[in-house]
């Protein structure tokens, strides 16, 4: 709290704090946020609170007390969802920076974070991933994290074979159907999906297949333009051990970072997948 | 006009000005732009005019003479539409800054502007809204506007009740149907829509329900990924006193800020809603 | 290579270079990238290589060896596709800057680049185009390119007539059907499409009609929210002399810059157009 704050700001903050004390959601949200933020000097939201106190309260209450504090996904998984969504959208660098730091704070490794962005190349292209990696590099540098990322490469001659194997494990018949459907019109695009997306990327260490499908569904849900692919990767997440409840948790969290329509449309895809699988 | 301008630039500008004098649309557009911009030192577009004069002319002629100067919506409403669309898209900070200033210039209050961005949390998520509020704060600070935003909060125990009431007023049977359809798969997401979107946000002062639906339709039209939600909020706008003509005006303006496809697809949704309502 | 590089970074780079020597795709990709980048002091990716070597390798191998090096489109056409996609998305300014420079390096003229962004106003709105032009201006200034863009304007009284003629040449019956379908609900929007998009923009010199449809299909594919318009402009590209093979090349390149889902969904639109045209 700086001495230069005007009287009305202090008054407003006091009123707000008094109101907040009656507000279990706000106080709980602040505790959850502190878990993610781990900033002994206050919160990044303090500045917002002095300008638009209600928006600050909504971030804390809805974003952290209602959503982040839910059971069903670990803090680490929630942060991977968030950084995948923000990286794919590509239009919220300040929040991506905050949540990369938050991911580290709740126990994600630097390797998992970079690996998430490498994975996002598949869904949002290289520019989105490159910009996310730049933000991560800035965060790591500021925190003095000396990342020495191991290199991993699939043997060139085996990329298609390895990719086919991962495609089958993740997407089952659905993935093979996508690639086959390209045979008559764009066979090389089908080959790149097998060789690059699955042979090069899915086969990498650094994220489990469950985590890869988690961030796939997150990116596709946030973008909102990948309906057929979201359908495939909802199935993929279920194929590699994920559950319906985890998908619902993921999609609820998407509401915070990409809005309710993105969440609702993802739930609609989930409903359709479940209906097809039950039929 | 700076003395350092090279000869050909001056020549080009003279030729252009001569052409413009024969061009009623350009001159009228400049007058409309001046109404929004209110800059006694020239226009932000002057620099563009010296680099890409035709693009500057298109902005003035199409954006201001053709579209902004149309009847059917007030200048204030048009600026709320624009800042909602740009906030939701999240990828045009310079233009968002210009149009926040423009909103103030045509008579929007600082409170309406911030409230529009709080409303946008619903459709585009918190990061988009937070970044828009940051831009607004910069504009307000530069203009010496000391905003003391009132706080308003819905009584915690009544959020669902208040939200249900607003949901019914705005979306009628359509909104209730969305929430009910989530009962079997993601009931908490349905509850959050009632409690947060309608209980916390729609119930706030600062924007009328007509204005809230105006900026809802604008955000959904601009994003282009919220087709079912656009459908619901076109009905919502009509439910709270808006007219078909106002929706057409809104969607024509979206062409300027998010492109013709966004406008055309929004018109297609409007046509579908009207057909359903007439049936 | 700076003297301050730590030992492990150097070691890692040596190991990587040794691996790369066994990797034909990487070496070929570097050569292709050098063609686009033309930087005698190294590559913009060198810094990435010291931080996330595998991501750097994927950019080089997939982006340049696999995709950019393909036959079927000239380097100039590929760069126009890329800058159109990145301008329309509006969320990757560093990559847009790199590829504007790359476009100049492979032989695109400054006029073609600015004209591409003027064309993008149609699909992504004016803010996206204005921001892309700002980036181009920065690149041109840094390279000492003194652009003196010719002005061109359609005679005011003939804008509708000229636009109708271009609409028919490009979109045939499809374009006219779109405009006619607006008669009952938003006739002025239909008129603006004819007058502005076709009368003002398509009629301009600076890009051929083939190039205009190339960048139209690129922008619509990358955005992913313009499905009906993508359909119209796939036909438009074929109408002005483009081929199915060129469209497949374009869409494969979209995978690099906007992700595989954007590419796959564009291919799905292409398949639908071909089926309709064969029927």
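The first chain written gets the first letter, and so on, giving A, B and C; residue counts start at 1 in each chain.
Simple rule for what comes next: contacts are C-beta pairs under 8 Å (C-beta built on N, C-alpha and C of every residue); 3 or more make two chains touch, one makes a residue touch a chain.
Note that the structure is a prediction, hence the values are computed from the model and not measured.
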{"item": "Copies subunit B and subunit C touch via same or different residues, half shared test", "value": "different"}
{"item": "Between subunit A and its twin subunit C, rotation from the CA superposition, multiple of 5 degrees", "value": "120"}
{"item": "Centre-of-Cα separation between subunit C and subunit B, whole angstrom", "value": "27"}
{"item": "Subunit B: positions in contact with at least two other chains", "value": "89-91, 223, 225"}
{"item": "Residue numbers on subunit C that touch subunit B, as the complex places them", "value": "88-91, 114, 117-118, 121-131, 133-134, 137, 146-149, 151-153, 156, 178, 182, 185-186, 188-189, 192-193, 196-197, 200-201, 204, 220, 223, 225-226, 228-229"}
{"item": "Parts of subunit B lying in touch with subunit C, wherever the complex brings them together", "value": "6, 8-9, 12, 15-16, 19, 22-25, 48, 51-55, 57-59, 62-63, 66-67, 70, 86, 89-92, 94-95, 223-225, 248, 251-252, 254-265, 267-268, 270-271, 274"}
